[in-house]
Amino acid sequence: MSEREQGMTVAELAALVGGRAAGEAEARVWGVASLEAAGDGDVAFVEDEKFFGAARACRASCVIAPEGSASKLEGSGGGVVEAARPKLAFALAARALSPPQKLPGHVHPAAAVAEGARLGEGVYVGAGASVGEGAELGDGTQVHSNCVVGRGVRVGRDCVLRPNVVLYEGVQLGDRVVLHAGVVVGADGFGYVRDPEGVYHKFPQVGTVVIEDDVEVGANSCIDRGALGETRVGRGSKIDNLVQVGHNVWIGERVVIAAQTGISGSTVIESDAIIGGQVGFGDHARVLSGAVIGSQAGVLPGKIVRPGVWWGTPIQPLEEYKRLNALWGRLPRMRDEIQELKRQVKELLARLDEEGK
Amino acid sequence: MSEREQGMTVAELAALVGGRAAGEAEARVWGVASLEAAGDGDVAFVEDEKFFGAARACRASCVIAPEGSASKLEGSGGGVVEAARPKLAFALAARALSPPQKLPGHVHPAAAVAEGARLGEGVYVGAGASVGEGAELGDGTQVHSNCVVGRGVRVGRDCVLRPNVVLYEGVQLGDRVVLHAGVVVGADGFGYVRDPEGVYHKFPQVGTVVIEDDVEVGANSCIDRGALGETRVGRGSKIDNLVQVGHNVWIGERVVIAAQTGISGSTVIESDAIIGGQVGFGDHARVLSGAVIGSQAGVLPGKIVRPGVWWGTPIQPLEEYKRLNALWGRLPRMRDEIQELKRQVKELLARLDEEGK
Amino acid sequence: MSEREQGMTVAELAALVGGRAAGEAEARVWGVASLEAAGDGDVAFVEDEKFFGAARACRASCVIAPEGSASKLEGSGGGVVEAARPKLAFALAARALSPPQKLPGHVHPAAAVAEGARLGEGVYVGAGASVGEGAELGDGTQVHSNCVVGRGVRVGRDCVLRPNVVLYEGVQLGDRVVLHAGVVVGADGFGYVRDPEGVYHKFPQVGTVVIEDDVEVGANSCIDRGALGETRVGRGSKIDNLVQVGHNVWIGERVVIAAQTGISGSTVIESDAIIGGQVGFGDHARVLSGAVIGSQAGVLPGKIVRPGVWWGTPIQPLEEYKRLNALWGRLPRMRDEIQELKRQVKELLARLDEEGK
């Protein structure tokens, strides 16, 4: 079956995304692209009216556009799908037209699967991957080359472990979890106790990690196991590359965390929080649902972060941060004003003394 | 032998940790847990008197508690071990009761061990691991799946290389070194020389890395080889995940470095320093023994950091940082005060001019 | 052929680096070392006159030194090569004397190379490496153990992929590209669209990555694929360890980026920019050619960074940053001055009121 045959008509696409077809509704589409790069068979999208000109000029077979805008896009030649949220509709279209490649159920002969591991239907295990004793892989799960799945790990259905992912012993993944290359789940947390001679002894790191359904974790990120209890990442949360999640951290549902952020032990990030990149969290902090934390911010240990937008180190409400930052830039003027005041007051004093004679 | 048979009595535990048994001294323990989660057979610990209530209510078979506190924990039902440092005693108990699993000496048939490599007694090499020509692995060392041990590498006794660790050619590890998944030791340092056309040529990165005994390095951390000399991590130091250690860095003994910190070339961190997460060090800095550097701090190139607690970018003594930070928050008031002073002085001047007429 | 036979004379070295030989021009050299560690057969270098004493005392067989300095180094015993840029000449000497080891063309029997992959002459593929369907590896390219080269990837000539590198489907590498251990190229960018229920849907990440000739990327760094278009790293750019390059980022030629820096989506860094470590870039920023950005700096989304040296968060010109930072330290004095002014003005007012009676 060719790509074209796998595609759909503009009308079918409109139905899929809950939109309304206009223009060439019977045109076929089988790919997605940007307005600039789109060609025959591609779907593109436009949200902002200032790009309508580009949309009219583009060569896509279908443009997804805001409701009521089809008449403004007439020049485009292809079909139009009006949708309440064009970008969302485009994402759904892409999932239908360019679904992530699903590898066929198959255990590569160069994989090392323990006898006691249990593999569901249609599981793929790539060359060089290891699956440990007692591990379970749910139906349709794909374990790419050179992944290492430890003893007693439980992975749900339709998960994708990209190459070189490491799951330490006993960690648990829900369904449809995607871990990008080099992710490490369940390494020991960073906890030591110092003895009177100054030597560090490992505090037990014998807990586990639970990653719920529909979580995606970016390349080379690390999620440590709990010291005694568990580290948890809630359903639908999305974590970018090179992120550090410490032991016993609890991340709620639909939390978004950008690249290179680090979260110290036992910190809680409640559902629907949004965290920028390179943010640092001290231990035992708590981010309440609805908080948004800007990139490079620093959250002190134990801090409670309320809903709203936060910035800076230590974090402050964004408006406060902006106000203070503007004043920071005014410091030279403030210093000059103080000098001028000192001069004037000195002169006043002299004058009074003079007159007082 | 069951877990229970592998366990010990409360009295034996007291002897092991140098404490004093009270209550049910003959109760058997075989695991560790938090006060909240502990059940039959578990050891828990309590340090702070405010958790004594929780300790009395807990279901552990043994609670390790501060000296002189056994009488206050009578309700707990199980045994009590009084110890000078309960958390340390708990760590030692955990090591005895839940020692890290030791894989049996075995070279997996799917490992690629060079003919000229020398393996000690009881060495484990997992599936997909490579051990290069001339490499040495000391007795009892475990090289997990998909690790790559380069040519001429020397690894001491009882080391643990978790999956996907990479040791470049010629690096040296002492005894009991633990490297978590994805650690890279000995990659080229970041050094280039620019020619008149602006092209960068690699400065030779032909030194090595020496990691001394009892060092632990967290997942996906990188320790670069020396350019000409060596990069060194001293005995008993502990490094967290995603840390970058540049070429020719010298880290002393019992240094602790939290996640995502980066150390530029030739910087020295003396023994017993404590470094927070996401700290950045310029090159050729020197941290003296006894210094503590807070998370996200920035240390300028060449800076000497004396003993004490430091914070901020560029780093300052914590007390100074706090004082200045408090003043930062007072900037709006200071600006208002300056405005008010300007108004008053202007008025004074006008009044004097008026009166001077 | 022994190392000595592979070496060269001081006179030959001078010719190679475009310098002038002096002293023992027929001495043979076959290695490089620092002034302190150098011995028989080694080349060392000195640039700064303050190290001339050390250079005279050193035991190298050849010292590369600034033009006109040979007479000042007479005590050194060995040869001297005068060069306009001694450090550059030393780098070139090192490349000639200690070239990176080239593994012989060979596909290890424990590698998994797809039938449809095309391998050039002299390609090395290590144990446990996978090369996917339709992938191409140019002549002389080395794919070390446990690398994973995805379907349809194109790698040029004489590239080196150190162990555990992952190239996702379809990415392209030019010639002489060096990727250190654990590098991930082409993982999905971090882009989601939220639906009215708050659920995140993946924005399509179906673009690619192009890495041009002579790029080097440090261990465990990540370069994400474009969402719809491409992410690109230009010829001769050098990226350190643990760096994050987001989707659709464009990096020009001869750009240098130090460790742990993170670059958000669609940001452009023009040729010849120099970026410190732990810098954070918001999305859609643009760094113009000739800009130098200090470590830990923060660049806001959409910011245009002009040529010059920049520092701080949000970034400012270095001179401005220094001036403001100095004033920050003066805040306590400014506060005191304001208090003193308030006291004086109050006194003045009282005095005037008194006199006005």
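Which chain is which? They are A, B and C, in the order written, and residues in each are numbered from 1.
Rule of thumb we're sticking to: a contact is a pair of C-beta atoms (placed from the backbone, for glycine too) under 8 Å apart; a residue touches a chain by one contact, two chains touch by 3 or more.
Here the structure is a predicted model, which is why all the values come from computation and not from measurement.
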Same residues or different residues: which describes how chain B and chain C meet, taking over half shared numbers as same?
-> different
Between 0 and 180 degrees, and as a multiple of 5, what angle does the rotation take that fits chain A onto chain B by Cα atoms?
-> 120
Can you give the whole-Å distance between the Cα centres of chain B and chain C?
-> 26
In chain A, what residues contact two or more other chains?
-> 110, 128, 146, 164, 182, 220, 242, 260, 278, 328, 334, 338, 341, 345, 348, 352
Residue ranges of chain B touching chain A (in the complex, touch as defined) | 32-34, 37, 85, 87-88, 90-92, 94-95, 98, 101, 108, 110, 126-128, 144-146, 162-164, 180-182, 216, 218-220, 236, 238, 240-242, 254, 256, 258-260, 272, 277-278, 295-296, 325, 328-329, 331-332, 334-335, 338, 341-342, 345, 348-349, 352, 356
Tell me, which parts of chain C touch chain A in their complex?
-> 110, 112, 128, 130, 146, 148, 164, 166, 168-169, 182, 184, 187-188, 190, 192-196, 198-204, 206, 220, 222, 224, 228-229, 242, 244, 246, 260, 262, 264, 278, 280, 282, 298, 313-314, 323-324, 327-328, 330, 334, 337-338, 341, 344-345, 348, 351-352, 355
